Structures are given as C-alpha cells and as structure tokens.
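The two complexes that follow have subunit A in common; it is paired with subunit B in the first and with subunit C in the second.
Moving on, here comes the complex of A and B:
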C-alpha cells in the first residue's frame, strides 16, 4: 500500500491543482450550463426549476436560430476552413522551395495572427466597405482605381452568401498559421525518402503526390480541427464587423445578445450546449483517431 | 488494450476544456474583471492613509458608463459638487467605458447576481429597470421623492414613465430627445426643397426628388439606429397615444394602422442607404454634413458631436427639427441612478441620489453632457444653442412626453432584445405582418 502511494503520490500531488481546477472550471461549469439550459431562468433572479428540453425545442422553432444562425455558421465554416487550407497550403508549397528571404516571408504571412480579431474586424470593415462610387473605400476602391468594373457588397450583400465575406478577414488572420503547420509537415519528410523516389524515376509532382502528401495527412487533420473549432466559436470578428446585422449572425452571437441584452439565461445556456455539441462532433472523432493511431 | 482507457479520457478532458472556454470564458470572465479591482483598491487605500479618520470617512461607489467626451466632465462636475456638500464622503467613480453601456451592463449584471452591488448605478429610466425591480435588486425610492418634493419638480409624462406599479425606483438626471431629424440647410436649398418634411408621406415624396438628383434621402447606421428609426416612424404615423399603446398592450400590433405604419417604415428604409449603412451613428451624420445624404434621424446627442467634434454651428451649418409627424412630442430617454438592495453605504448612496435630483447637480451635469435637466425648475441661462430650444420644449406643459423604445424607457430588456431579433429579420425579409406577429408574441411572452 505504502509503496503504491510512494509511486503514485508525488505525481498525483503535482497534477492535483490542475485536476481540481479542471473539475471546477470545466466540468463544474459545463454541468452548471447544462443545468441552466433545462430551467426557465430569465432575468436577474435565477430559476432552479426543471422544464425538460423546452428551451431546446423552442430553439428549433426559432427563426433566427434555424434560418440564420445555423446556416450562416455552416457556410462560414466551410468557406473559411477550405479557404485558409488552400491559401496556407499554397504558401507553404511556395516557401518549401527554399526561396531567398524565406524567413521574412514566413514572418509576414504569420503576422496577421498576432492581431486580435477585434482589430482585424475594424481594419476589414473598412476594406470591405460597399459604398457607391466616390464614397467607397478599401477593396472596392482598389478595384475601381485599377479600372476593374467589379464591385461587391461583401457582408452587406442581399445574398445568403453574405457571411462568406467574413471568411476573408478570418482567413487572412489564420492562413499564415496553416502555412507554418504545412511547412513543418513538409520539412518533416526525410530527404532520403524523396531521394529514393527520385532514384526510382519519379518527377517532382509524383514525389509530392506519393511521398510528401501521405505524410501531410496528420497535419491536414489537425489543421481542419483547429480551424473548424475556431470557426464555430468565433464571436469578436462578427461582433466588431457589423453589430446585430442578422446576415452575419451566428449561434455564438445570439447566445451573447439573448443572455446579456435580454436576460434569457436559459435560452443562452441551451445555445451554448448546442454549440458545444457542434464543436464536439468535429473534435471527438479526431481524438478517437489520433489515440488509436498513437496506440498502433 | 482495454486496460488503458486513460489516454482517451485525458484527451477528451483537454478538448472539453478548450470547448468550454469557447462558450463560457469568453462571455463571462472578461467583463467581470474590472470593477471589483477598482472597488477593492480604493477603500483599501483610504483607511491606510488616514487611520484616525477611518470611522468618520464614509464613501459611495457610483457605477456608470459615462467615460466619453462631455459626459465624463459632467460626471466629474457633479462629483466635485457632491464632495463640496458632503466633505466626509469619498466618491469612488466606477465608470466602465463603452457607448450606451454595452460593456457596463454585462458587468453590472454579474455584480448584481453576485450580491456585490455598487452603492448606486446608472440605468436608463423606465422599463430597462423592470428586471432589477422584479429580482428585488433595487430599493423603492418613493419616500425619498416625497421628502425631497421631486414629484412636483418633474413633468407628469416623465413621472408616469418611471413609475412602476405605483413606485419609483430611480432618480433621472438628464433628458435626451430621440425624435429628431437632422439636415444641412444649404443642401435643402440646393435641391430646391422648401424645408424638412412634416410627415413621413412628405418625406417619401421628397425622397423621390432627392434620388433624382443622385443623393441619398436618409443616412442610417447599425442595427440600433434602425430600431431608433422604427420608433420615430411609428411615433410619427400613429401619434403619441397609440405609440405608447404599442408597448403596454393597448395598441394591437396586428391592427391595420400599425401594418400601414410598418409599411411606411419599409418605404423609408428603401429610401435610406441601409445597403451600405454607416458603421456607427457619427459616420452616418458625416454623410449628411458632407452632402452625400440629406437627412438623418438621431437623438440630440448628435448636437454634441456636431458642435464639439465637428466644430459646426447650429442653424448655419446644420439644423434640426422634430422627426416627421412628431411635432409637439418629446420622445425622451433619461439616465437615472438607483439605490441597490444591499448597498454597502446606504446613507451615502441616498445623499448621492439627492445630488442627482438637485437643481445644482443637474445644472452642472447637463450642459457638459449636452442634454437637458429632468427638473422643470432648472436655470435656463445655462443652456445655449440647441439645448435652449430643447429645454423650452421639455418645460412646456403642452408638450406630449412619450418614452423611447431603443433607449430603454418603454420596453423591458427581454422585450427589447426580442424586438432586436424580429427587426433584424424584418430588415432582411421586409415582411411587415410577420414582424408585427413576432413582436406581439414577444410582448405576451415577456410581459
């Protein structure tokens, strides 16, 4: 008995503070959130009753949630993740060729990530201005000055794709990060493997496709998971871009506004729970996969 | 394989932790940081410095969102006056930055729920306070009103708007007017328009002319300015009594005249630059000043912006009048202070409220803030330019007083937030009956 404690004890003591913090601040609050989501709490006075899944079923009848928030966040996630992956990959492929000044380029591409989403949104709000003629600024102005008869309403467009315009600032912010992930992956491929392929007569595209690509799969997986969960929980970018514009409304924004403007605590908790579920569907399979891969 | 379930559990734990932060931390942790720090720092410092006076020295923590230009100076002036009258009381100014209290409200909600209220906090007068009252967070101030004789000094319409179930819970310091339309006289002259529109119908006719000359009839900003426009159109089309009825259940949202008014709102929106709406109310006003747009509907805080930041002169460079169809009506909003239940310095807080309700305090604060005093016996000489006419209208017994929807007077927080949602959808769908039905339903659900 003593021996077992001696073996386990120091380790346990070491991680105990973080275990306790985890138990309270993660699982405790998670549980509290779920508890609130099945109550009728509205306004400043907490209600500790039990209304079953009423808040959830009400959300499925909620036009804002079903017809705007959910399609919006799905569309945004797809465009943002695909865009950031494509740009990040392209940048990595270019840098991997050992350009002169690679260090400088790498830093330049990575810099936007150091800017908070709020600041990013304020810059891009100006860049994505959709005013007419002389009064417009940003990208539309650039196109006009370059003589291109191309004008977009971006996130103020009447189309359902309006929210996809926000993928531009989001992608601008994170594609440098994706680039560095891919670049690390590419550099991790041993040179002798490439060499062997070349000796076997493979040209550069074939080396990439048959040797480098399979080894980038884990990088791709982590990039997708990181981007997807950032996308689902993004709040500040939309918040600062155009407040309460329903075209760029998402579940995270609805949760905040309904809880803190309206005092609908139970409804906000239900949205939070669904958001958690959404993120879990992205992440849990990934963890399952990586744990199994590690064991093999 | 079965013997090692721990890696999965551990990874799941990490994931769940990051997820939780996605939803919970970002919303509640950040705003909670500031005020307690400030609140704890100040009292701790004071007794340490002057130990003998510890018992005599009282304090009052005043919570507001007055940190902007003008309002901060006004608050400071009022605090200085308070200190002169109450030398034994220290004022802890716990102001939280953020226009219209966007950040302050979330922090306040946290403090009220934690049972750690400031000694007095700012709220828009009216139903914005209803939640706090229902939850038993603020004290009834009716006795204080009687002791100070305030009921005779405030206009009847204002008293009605701040009386909830026969009791009054807050002391209004200032009055802003929401139903105003702003323009540049020269622009009108160049376009051959005789004067600002008297009705929304006339506005729509003018809008045709304006559009023909390549200008925008109405400049608009983000969602809350659209709500502000909605309330002025409803007020202009339905008149003050039916407008007030919309918020207390006496006017049926599905009535034909309400639908007609919403239809007018739709046409007004179509005549505005909502497709490329400005990011805030100041840039929207800039479009009018620059001459790209002809009108903008905004409250009288715009006067402070044009006068102060833009250095313009009322009547010469810009002018203002009641929004179409609302002449003789004062659509007001007001900042007021409360006495929370469980305030640590109850008596000092009461003294602060007396300062807020006094002629002296209001006359110090309002000229700086660019609003008029709630009291009708204020010193007229202190109010110049636009404020002089505003004060005349406010003190005129013939003026009809109604409360603002957008700025917390006539709708509870819950009802107001549900209207935000319905309006956002309406601006997209332009479905007036659908909007009316959604608002009627929200009213019933949040009553």
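Moving on, here comes the complex of A and C:
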C-alpha cells in the first residue's frame, strides 16, 4: 500500500493547488450561490437567514421572468442552435471533398469566433438598426441600395420574435465552429469505407447518406450541447446590443441587473441557480459520455 | 491535368456544374461572413466629414485615419490593461494546465478520471452562478478593483480547458518514454520537466492562444471585478461605443482596434486556434 501511494502520491501533490482552487471557485461558489438563493439577502449587507424556496416561487410569479425571460431564451436557443447547425453543416458539406481555396474559405467562416461578443454586438447593433426613411442604415440600407423594398425592425421590433434577430450575430460568430466540428467528423470517416460504397455503385449523395451520415451523430450531439449551453449563459452579446430592451431580456441579464443594480442578491442567486440547472442537464451527461467514450 | 491521387471515380458529366455551384454557394456565404467586416472597415476609414448613413455601404472617397486618432486616446488604457491581464493569465493557466494534464495522463492516481470529469465541469458552468460569491470573496480579500483579481479568476476558470488540452496531448506520448525515465530513477518532477515539457510547445501554443483569446474577449468578469482605471478593453469599448451619443464611425474604429490583437493571433496562428476550439468541444 505504502509503495503504491509513493507511486502516485507526488502526482496528486502536484495537481493539488489546482484542485483546491477549482474546489473553491467552482464547487464552493456554486454551493454558496445556492445558499444565497434560499436567504432573503437584499441590499448591501448579506443576510444569513433561511427562507426556503421563497425566492424560486416568487420567480414563477414574476412577469419579467416567466413572460419574457424564459420564453425569450427558449426562442433564441431554438433559432440560434438550428440556424448555426444548418449553416455550419452546409459549409462543411460544401467543403468536405476539398477544392482549391478551401483554406481561405475556412478561415473566412471561422474568424468571427476570434472577435469578442462586445465588438460583435457593436457592429451588428448598427447593421440591424431599425431607422426609417432618410435615417435608414445597416442591412435595411443595403436592401434599399439593392432596390429591395423591404424593411425590418430586427431586435427593436415589438413582436415577441425580436430576440430571434440576435441569432444573426450569434450565428455569424459560431457557425464556423460548427463547420469545423462537422468537417472533422466527415474527414474522420475512413476513406476505405467510402471507397467500398463507391465500388458497390453508390454515387456521392448515397455515400454521404449511408456511410457518412450515421457517423456524424456524435458530432451533431456535441454541436447541439455546445451551442445550447452557450445560448443559455451568454450575457455580453445581449447586454451590448440593447440592454434596456425587455424583448431581448434573458435570465442571464435579469440576474445581472437585479443583483448588481437592484441589490436583490437572493433573487439573482435563484435565477443563477436555475440557469445552472438548465446548463447541467445538458452538460453533465455530455461529460459523462465523453469521458466514458474515451476509455473504451 | 492529372486526377487526384487514388481517385478512381468515374467523373459524372455533371461534375463541372456541381463544382461551379459549390463555388457559388461558398462565395455567397463568404460574402455574408465578410459583410460586417466590410461595413466596419469602410466606416472606420472614412473621414468623419464623409460619414453618412445614406452612403454607409460605399467605399470612402479618401482613406482617413482620423477616426482612429479620435478614439485611440480613449481606448489606450483599456488596451494596456487587457495586455497586462491577458498575458499572465494565459501563461500561468497554461503552466498549471501542463502539470495537471501530465499527471492526469501519465502519473495517474486512483479516481483520476472522475477527478478529471469534475475539473471539466468547471468550463461549462454558467458564470452567473458564481458571480455573487466571487464578488463577495474578491471584495473581502481586497482583490476587487485591480488587475490581480481579474488575472486570478481567468487563471482558475481557465484551468479546465488547459488541463484538457495538455491531458489529450500527453496521452499521445508513448508510455515507454515515461517508463524508461522511471527506470532511470527520474521522479515525477524530473519526468515532467525533462521529458514532458520539452515536447509540449505545440500544446502550449494551443492553450495559450485559447486562454489569451478568452481573457481578452471576456466582459463579465472584467465589468464585475475592475474599476474605471483598470477596465479591460471590452468594458472600455462598451462604455465608449455603447452609448447612443457616440458617432458610429468612432464606434466602428473602436471596435476594430479592440479586436485587432485576437484577429492577428487568429490570422498568424489559426491552426492552433482551431485545435483549441476542438478541445473546447471535448473533441481532443
């Protein structure tokens, strides 16, 4: 026993500082946040009382949370995930068999990923401006210049679909990522499998459908999980687009404003705990699956 | 023209049309992805007098750097703060990640995989769920306000991804190399320093680029933990370009300056950036 500890003991000691830091800053803080969410802390001084689930039940009666934030983030997630998947998959399918200039195309589709959401929002806020007549600008101006009599209010629209317009900058930012995931998946399919199908007389679409597609399911799952969890926790993109617009308000924004502007710490902690619950339901099975798949 | 190596397919007579259609589609999509950059560039490069919403999509009559001259003094401090914060954050986080990755791949202890899964979870949590305790802890320890606290949180929340990158990298190193060193009497630190680190520069490139980009682009931690004279570039940018009163040519010039470093890294070291992305999806 002692000899075995001597064998792996030093390794444990070497990573101990990191483990302690993560134990505090991830698990300790998450637990602490849960604790705040069952207190009545409001204002500057923390409260250490216990009010049960009162903050959670209050949220379910909170119009801002139930009528705007939750439907908004659900709608945004669906439009953004579906859109980025469709565009990313189309890009990968177009590039899969290789063609001259592929490297340049790939770089063009991926570069928005290197730009912060703040800068992205500042550019797109202006491209998606809803000005009319002489003050028409952004995409609406582009359409007008092209002779198209079409005008959209984008995220400033009064409709409950306004938040779907934010899927445009978000998809611009992340479609290249999805493309890279799919492209890696497609190129991971062994060439002799494709070759065998071709020898059997399958044309390119059939090779794709019967050989490549079934092997892309894990990639599809990764992409959905990554995009959905980004969608739930994104804050800065909405914040910099239009922070006072209830039509694009999300739980992440409500948490920020109610906590650090309003001083409703307990309520903010409850919103954050619900966000964590939402993210954990997609992420925990995913990590479990990934670590197990690797062991096999 | 010779056929690509190993390609024995019989070319359909539609092949040239299919290729043309693929190029057209790729080109159209490239236009969509570049359109915001075009708008950004032509606006930032116009002289303030020439800027007008009516002509926003038109090429400038004369190139001018006036916008940059106007906004740079307002951005300079934020730029410096971000450099001073993102560089140490990426170096320290990568070094710790290298040690963690080495242990978890080659010097395993019982339950190492479970510990690894626990570490990984840290990279997916919604940061909203740690903001309040972080705010309290950093205020209590006096680390809120300056850059040191910001570096600390970027180092710690960067550990999962850097550990993951190095663990995958070292997993590809042959066991014999480590075993041979052990037979020669090398302990953990010697194996790490003299065998693992010298072959790890590619993993360092991936980890440091990833960390630099995410620290540079972060807004949430920056706005929570720093005060005005220590604002990172994203917070400064949002304050300058975020208000409606700022002319949009200045907003565009500010946005361009603020993303220049990460764009340069992407253009010069794109393939390392891509590998970081793949690691981020747990795709090694």
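In this text, the second predicted complex is superposed on the first by the 285 of 296 C-alpha atoms of A that agree within 3 Å, B and C clash if a C-alpha of one lies under 4 Å from a C-alpha of the other, contacts with A are read in each partner's own complex, and residues count from 1 in each chain.
The rule is short, and it goes like this: contacts are C-beta pairs under 8 Å (C-beta built on N, C-alpha and C of every residue); 3 or more make two chains touch, one makes a residue touch a chain.
Since the structure is predicted, the reported quantities are computational estimates derived from the model, not experimental observations.
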### Query
Regarding the shared-chain residue A:209, is it in contact with subunit B (first), subunit C (second), both, or neither?
neither
#### Entry: Partner chain in contact with A:262 - subunit B first, subunit C second, else both or neither
first
### Task
Mind working out whether A:244 is in touch with subunit B, subunit C, both or neither, as first, second, both or neither?
first
#### Entry: Which superposed partner A:150 touches (first subunit B, second subunit C, both, neither)
neither
### Which superposed partner A:198 touches (first subunit B, second subunit C, both, neither)
second
### Query
Of the two partner chains, subunit B (first) and subunit C (second), which one does A:142 touch, if any: first, second, both, or neither?
second
### Task
See if subunit A has more residues touched by subunit B or by subunit C, and give me that chain.
C
### Query
Where does A:50 make contact in the superposed view: on subunit B (first), on subunit C (second), on both, or on neither?
neither
### Task
Would you check which partner chain A:63 touches, where first means subunit B only, second means subunit C only, and both and neither mean what they say?
first
### Task
Find the residues of subunit A that appear in the contact set with subunit B and again in the contact set with subunit C.
22, 25-27, 29-30, 33, 46, 131, 135-136, 229, 232-233, 235, 252, 255-256, 259-260, 272, 275-276, 279, 283-284, 287-288, 290-291, 295
### Message
Applying the document's contact rule, which stretches of subunit C touch subunit A when the two form their complex?
### Response
9, 12, 19, 22-23, 25-26, 29-30, 32-36, 39-40, 53-54, 56-57, 96, 99-100, 103-104, 107-110, 113, 115-122, 124-137, 153, 156-157, 159-160, 163, 187-189, 192, 213, 216-220, 224, 234, 237-238, 241-242, 248, 251-252, 254-255, 258-259, 262-263, 265-267, 270, 273-274, 277-278, 280-283
### Task
Sort out for me which residues of subunit A touch subunit B in the complex.
22, 25-27, 29-30, 33, 42-46, 63-64, 68, 125, 129-132, 135-136, 153, 156, 158, 229, 232-233, 235, 242-247, 249, 252, 255-264, 272, 275-276, 279-280, 283-284, 287-288, 290-291, 294-295
### Summary
Interface with subunit C, subunit A side, in the complex: residues 8-12, 14-15, 17-19, 21-22, 25-30, 32-33, 36, 46, 87, 90-91, 94-95, 99, 105, 107-119, 122-124, 126-127, 131, 134-138, 141-142, 145, 172, 176-177, 180-181, 184, 198, 203, 222-223, 226, 229, 232-233, 235-236, 239-240, 251-252, 255-256, 259-260, 265, 268-269, 271-273, 275-276, 278-279, 283-284, 286-288, 290-291, 295
### Query
If you look only at subunit B, which of its residues touch subunit A in the complex?
1, 7-8, 11-13, 15-20, 22-24, 26-27, 105-106, 109, 112-113, 131-132, 134-137, 222-224, 275-277, 279, 287, 292, 413-414, 416-418, 420-421, 424-425, 427-428, 438
